[in-house]
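Across the two complexes that follow, subunit A remains constant while its partner is subunit B and subsequently subunit C.
Take a look at the complex of A and B:
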C-alpha cells in the first residue's frame, strides 16, 4: 500500500517570510523520492505539511485522494522520521518496540528487533542514554518496520556512521521490494544516496526548481571538456551551470537535453562528453547567483 | 556515481555488457540464477530503473529469462548467442577500422597478418 501526493499552489508564510512559494507537484505512489534543497530552501517546512503537522492555509495538499489534515486514516499511514524525535525520551527501547503496533497497524516487531540488533542498539537502555547515531538508527528502525504507506525521512541519518548508513540504504531497497510504499527523503548526502531515488524534486528558495525521474536527470546533465575555444563555441547556446579551466583545457557542465547529432558534433570538434551525477547537478543548479 | 562506469556510454548499456561479460567468461553459467535487480542496484549503486532497462534488454534478447517469484536465470544457448553477437561487433568495431586504416597507410594484407601474429606473441611491433 502506498499513498500518492498532490500539492497545488501551496504557499506558506512564517510571519512575512515566504517559506514556500506556490508549489505545484505530484509524487507518484510506491516510489522513492529525493527531496533536495540547500539549507533553508524549505524542505523541512514542506515535509511537515505533507506529514499533516499543519493545515495548509494557501493552496491544497491531497494525499491518497483526501485532505490529510486531522485525517485519522492518512495520519496513521504516515511516518515522519527525524533525528530529534523526543516522543519516547525516558522509555526503555524494548518497551517502545513492544508498543508501536498500537498505533501502527502494519508494524512488524520481529523485523524491528532484527534491525535494532544489526544497528547495535542496546535494547535495555532508554532513549536518552543512546548516542546521537544510535538514536537516529532507532528512529529509522521504527520508521522502516512501521511499513506506513507514506514514510518520510527528514535528514534521518544524522550522526550515523558510514556502515550504519550503508545498512539503512540496503534495507530501504529490500523493504521497498517486499512492501512498496511512498518514501520521501530529504538529504544533504546526495552523492551516497542518489541511486536510491526513483524521482528527484529540487526545492530552491521555496520554489520547485525541477522534478525529474532519476534517469531523466542523468540524461540531462553533461560535462564537456576540450580546447577552450571549441568548448566555448559548442556550449554558446546551452545552459552552462559550471565551468573550470586547466591550462588551455576547459571543462563545463551543461544542463539540458543534448540530441545525438549534437553529441556527434561535439566529438567531431574533439570534445569529450561525459555524464554528471545528481549530486553535481544539485550543487550547481542550486547555487546560481553565488560565485562559482 | 560509481567509478566503474565510463561516462561516454549510457549506464544501462554498460550494466547489460557487464552481465554479458560474466556469461561469456563462464562466471555465470547457463541455467544458473542471475543476480537480482536489487543485488545489482546495491552492487553498482545505480538506480532500479536504469538496472531494469539493461536487464529487460537481456530478457528481450533471450539471454535471461524470468521465473515468476524466483528470479532471473541464464537461458540455454545464451553464451553461444552472445559470442555470435560479439563476433559481429568485433567485425564492426575492430576489423573494419583496421582494414580502412591499413588501406590508408598502404599496408598489405600479408603485412597485416604478420602484425597480428606479432601482437599475438606479445611483441611490440
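Take a look at the complex of A and C:
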C-alpha cells in the first residue's frame, strides 16, 4: 500500500519571502524519492505541506487521489520523521513502542523491537536520556516499523554514526521489498544515499530544478576530458555545469542527453567520456551562477 | 485509532500528571496542617482553588504545545484531536472536582478526629451533603472553564507565536475575571439582585454565565485548532 502524490502550482510565502514558487510535480507510488536541494531551497517546507502540517493556500496537493489536509485516512497513513527535540519527553522507549500500534494500524511491534535492538537503543531509558544519534535511530525505528503508505524522512539520520546509517539504508531496501510504500528522503548526504533513490526531485530556490528517475539522471550526466581545444569544440552546444583545467587538459561536466553518435564523435576527437554521480550533478546543477 | 481510545489515551496522560500534583498537594496540606496546629500560623489555607487552578491552567496551556503536536505527528487529524481533547477535558474536570471534594471532605472529617484544627475557615462539610454536592458541581465547572482558558491561551501562542500570543492572554482576562467573580456566591447574588428578585434566576444565573463562557471558549478553540499549522 502506497500513496501517489501530485502537486500543482504550490506556492508558499513566509511573510514576503517566497519559499516555494509554483511547484508542479508528480511522485509515483511505491518508490523511494530523493528530495534534494541546497540549504533553504524549500525542501522541509515542501515536506511539511505534504505531511499536512500546513494548509496549502496557493496551489493544490493531492495524495492518493484526495486532498490530504484534515483527511483522516491520509494523515493516519503519513509519517514525517525528523530530528525532534525530546528534552521534555519523559516516556520510556518500551512504553512508546508499545503504544504506537494504537495510532498506526500497520505498526509491527516485533520488527520495531528488533530494529531498536540492532540500533542499540536502550529500551529502559526515557526519550530525554537518549543521545542525539539514539534519538534519531528511535525516530527511524518508529518510521520504518509504522509501515505507513507515505513515509517522509527529513534529515532523519542526524547524529547517527556510520554503522547505524548503513543499517538504516539496508533496512530501507529490505522493507521496500517486503512492504513497498512511498518514501521521501530529504538529505544532504547525497553521495551516501543516492543508490537508494528510484527517483530524484531537485529543488532550487523554491522551484523544481529537475525531476528524473535515477537511471535517467545518470544517463544525462557526463564528464568529458581531453585536450582543451577539442573539449571546447565538442561541448560548444552542450550544457556545461562544471569545468576544470589541468595544464592543457580540460575536464568538463555536462548535463543533457548525449546520443551514441555524439559519443562516438567524442572518442574520435580523443576525448574520454565518463558518467557522473547524482551527487556531482546535484552539486554543480545547484551551483550554477556561483561557480568561479 | 478509534475516538474513544484517543480520549482515554489523552485523559490517562492528564490523570498521570494530576496524580503527581494531587499527591504532592495532599502531602503539603498535611504538613501545613501540622505546622498550623503547632505554631499557629496559616490560619486560612486556600487549598481548594488557587493551586489547582494554576495546575489546570498549565494543563490547558499544554494542550496545543504538547498534545496537539504529539497526536498530530502520530497521525491524528486536528478535528479528531479536538473532539478527544474536549471529551478528555470534561472527564478531567469532573474527576478532579471529585478528587478535590473527596480530599477536602476527608481532611475535614479526619483532621478534627485526630485532635487537630482544620487550617481553613468556610468548611465544606459544615453545611451538609447537598452543599458538598453543589461544591462538586461548582468545582467541575470551574475546572472546565480554566482548562478551556488555558487551551485558548496555548493555541494562541502555538498558532501565532509570542507577539499575538500575548494578545490571547489579554483576551483571557475577562474570562478569568468573570470566573473568579462567579466563585463569590454572595457577590453574584448581590449583583444579580439589581436585575431580578427571582431567587431561581439568582441561583442558576452563575451557571448560565458559565455555560455561555464555555460555549464561547469551545467555539474559539475549535476555530483556532481546525487549521492550525503544526510546528516542527
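By definition in this document, the second predicted complex is superposed on the first by the 287 of 292 C-alpha atoms of A that agree within 3 Å, B and C clash if a C-alpha of one lies under 4 Å from a C-alpha of the other, contacts with A are read in each partner's own complex, and residues count from 1 in each chain.
The definition used in the following text is that a contact is a pair of C-beta atoms (placed from the backbone, for glycine too) under 8 Å apart; a residue touches a chain by one contact, two chains touch by 3 or more.
Just so you know, these numbers come straight off a predicted model, no measurement behind them.
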{"item": "Which of subunit B and subunit C A:230 touches, first, second, both or neither", "value": "neither"}
{"item": "A:72 touches, of subunit B and subunit C: first, second, both or neither?", "value": "second"}
{"item": "Touched partner set for A:100, first subunit B, second subunit C, both or neither", "value": "second"}
{"item": "Subunit B versus subunit C as contact partner of A:126, first or second or both or neither", "value": "neither"}
{"item": "Partner chain in contact with A:215 - subunit B first, subunit C second, else both or neither", "value": "first"}
{"item": "Partner chain(s) touched by A:205 [first = subunit B, second = subunit C, both, neither]", "value": "neither"}
{"item": "First (subunit B), second (subunit C), both or neither touched by A:4", "value": "neither"}
{"item": "Subunit B versus subunit C as contact partner of A:44, first or second or both or neither", "value": "second"}
{"item": "Subunit B versus subunit C as contact partner of A:53, first or second or both or neither", "value": "second"}
{"item": "List of subunit A residues in touch with subunit B within their complex", "value": "170, 173-174, 177, 194-198, 213-215, 218, 223, 272-275, 277"}
{"item": "In the complex, subunit B residues that touch subunit A", "value": "1, 7-8, 11, 38, 41-42, 44-50, 53"}
{"item": "Sites on subunit A touched by subunit C in the complex", "value": "44, 48, 52-55, 69-72, 75-80, 82, 88, 99-100, 102-104, 148"}
{"item": "Residues of subunit C that touch subunit A when the two form their complex", "value": "1, 5, 9, 66, 71-80, 226-227, 229-232"}
